[in-house]
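Okay, here's the structure, questions in a sec.
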Amino acid sequence: MAKKKNIVFILKSNPFSWKAFEALRQAVGASIEHRITFIFLKDGVYTLTDWKPQLIGIEPIDKSIESLGMMNAEIVAEKEAVRERGILFKDWGVEIHIKDKDEICDLVKDAEVVITW
Amino acid sequence: MVNTVWIIKRMADFPELELLDEEDLIILVQDAVLRTPSLDNWYACEEDTIARGVKISQDKLVSYTDIIDIIEKANKVVVW
Amino acid sequence: MKLLIVLASNPYSHDFNTAVKLANAGIERNHTVFLFFMANGVYSLVREEIKNLAKLGAKIYYCAHNANQRKIKPEDWAESSSMYGLSKLMSEADKVIMLD
Amino acid sequence: MKLLIVLASNPYSHDFNTAVKLANAGIERNHTVFLFFMANGVYSLVREEIKNLAKLGAKIYYCAHNANQRKIKPEDWAESSSMYGLSKLMSEADKVIMLD
Amino acid sequence: MVNTVWIIKRMADFPELELLDEEDLIILVQDAVLRTPSLDNWYACEEDTIARGVKISQDKLVSYTDIIDIIEKANKVVVW
Amino acid sequence: MAKKKNIVFILKSNPFSWKAFEALRQAVGASIEHRITFIFLKDGVYTLTDWKPQLIGIEPIDKSIESLGMMNAEIVAEKEAVRERGILFKDWGVEIHIKDKDEICDLVKDAEVVITW
């Protein structure tokens, strides 16, 4: 039987390449049997703003974020990164937890598997 | 008359302001649009700016055909 | 141990070199090595280094969606998989190394 | 003008998008557009965007060495070339845009 | 007992020292070997170090099989 | 008839990827009919040190640098970059011109084509 694990995904670069898309797709695939936390760190927080992937030849990420929400994955954005960049989030229809570095640190420490992008 | 058009892909990569001539022009593309320079002679690629949800005043935005027109009139083009 | 290495970078990258060397070292130490290729990593499926790893006993998987997208037709020693397949490997593996 | 765009980055990159958009704009303005693919850029030769550019009149070249290395078999609309061929295009072009 | 092995690819990308635990261990690979950290609990991938012509004292260098042994004994591995 | 141009190549990132190899190969190809200046800027100056590409799966660059020398290409390393990194060059059998930023600036200004890597 498959073992359910506590898996943390971290996206630390901005989403304006295929990385965000692939990382989210990977997290969705893992969310069926694992407990997922997806953390947007540093420039990764841009992922949650209202940007337009199709204008730069990238597939939209809306469905992936929606799926993560449906699978009860926890979506986390780094407080300091959000503040420094003065950005606003788009309404993705899922709850976004703003956490500071200490809290994120604890999430990473508690994880059984950490996938960084 | 534009001397050199500098197509800048990442602003962090372009601190070499001594390379810039007075008649030169900077065009920000890709992630370079995330941070605008403290100079005057620059434009930003409109599509790359909108794609990233960045606010840049309309008179600073250029389309791809604008970029081609600028390149045509310039002496040379350097990507950075 | 069961070691899972996921490569999302193209085969002309630092990550490809790191993935290949770690996989070889894992096999040398008699560990079970799973290599999963996704995104630009699927371009690695035509490289001799990966074929050699398959011969040495590494299990090679790839994301079929990414391979189709890039018009890559992998050989028999590589097994077609998906993000869900990768999830199963994450269950099974003792350690996961993500390279992108 | 004669515009030469050299792409050395893979087709899932910022550079690919920039190359394709600039090439299309160049054609829209009735310029002669040469696209030269080398290094990881040769992976672009299976992309529809490039085939469309060829149909619109862009001339597509690639480094045969890099394509062989990556086991890419380009279609007829792309012309096999070399670093020496690229040098000739640099002679001919009024402007050269290098993307890597 | 090593808690987490951090495989660091670019030192500039790893200022998050608060993520480090006392029992954690850092292994520098790829371009991260170009600048060694001001901590104690690190090793560098020997091949990546020699490949770059960088001088790092021999007791800080580990082979790929060493790295595998370290990973095996650790709780988990995080690439950064 | 092919027009001979004054072409400047600039490598500004470190050579421990395929970039240096491809950039040099490109310069060699161009050196047959053009006047070539190859400038190693910033981390690019590591290219001229005694490093071992084959250890990280990259083809050696010795032949390319030798060819550039034979074709009378000018090979330039940025003075400030060399000094900051405290590096020593390997003997490549070609002359390496150490130039400061101002001199490099002039080379770029005089070029008809500039190829950056």
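In this document, chain identifiers A, B, C, D, E and F correspond to the written order of the chains, with residue numbering beginning at 1 in each.
Throughout what follows, a contact is a pair of C-beta atoms (placed from the backbone, for glycine too) under 8 Å apart; a residue touches a chain by one contact, two chains touch by 3 or more.
No experiment lies behind these values; they were computed from the predicted model shown.
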Which chains does chain E share as contact partners with chain F? C
Greatest centre-to-centre gap (Cα means) from chain D is with chain E
Please report how far chain A has to rotate so that its Cα atoms sit on those of chain F, a copy of the same sequence, as a value between 0 and 180° in steps of 5. 180
Taking each chain's centre as the mean of its Cα atoms, which chain lies farthest from chain F? A
Ranking A-B and C-E by C-beta pairs in contact puts on top C-E
Same or different residue numbers at the chain C/chain D copy interface, by half rule: same
Which integer distance in Å separates the CA centroid of chain B from that of chain E? 39
Could you work out how far the Cα centre of chain A sits from that of chain D, in whole Å? 35
With chain centres defined as C-alpha means, what is the inter-centre distance between chain A and chain E in Å? 26
Shared interface positions of chain D, touching two or more other chains: 12, 14, 39-40, 96, 98
Which residue numbers or ranges of chain A touch two or more of the other chains? 16, 18, 56, 113-114, 116
Residues of chain E whose C-beta touches two or more other chains: 30-31, 47-48, 76-77, 79
Which pairs of chains touch, using the document's own definition: A-B, A-C, A-D, A-E, B-D, B-F, C-D, C-E, C-F, D-F, E-F
Once bound in the complex, which stretches of chain F touch chain E? 14, 16, 46, 49-53, 55-56
Touching residues of chain F toward chain D in the complex: what are they? 2-5, 7, 18-19, 22, 25-26, 28-30, 32-34, 113-117
Flag every residue of chain D that touches chain F in the complex, lowest number first. 6, 8, 38-40, 82-88, 90-93, 96, 98, 100
What does chain F use to touch chain C in their complex? 16-18, 56-57
Okay, in this complex, where on chain B does chain D touch? 7, 9, 29-31, 47-48, 63-65, 67-69, 71-72, 74, 76-77, 79
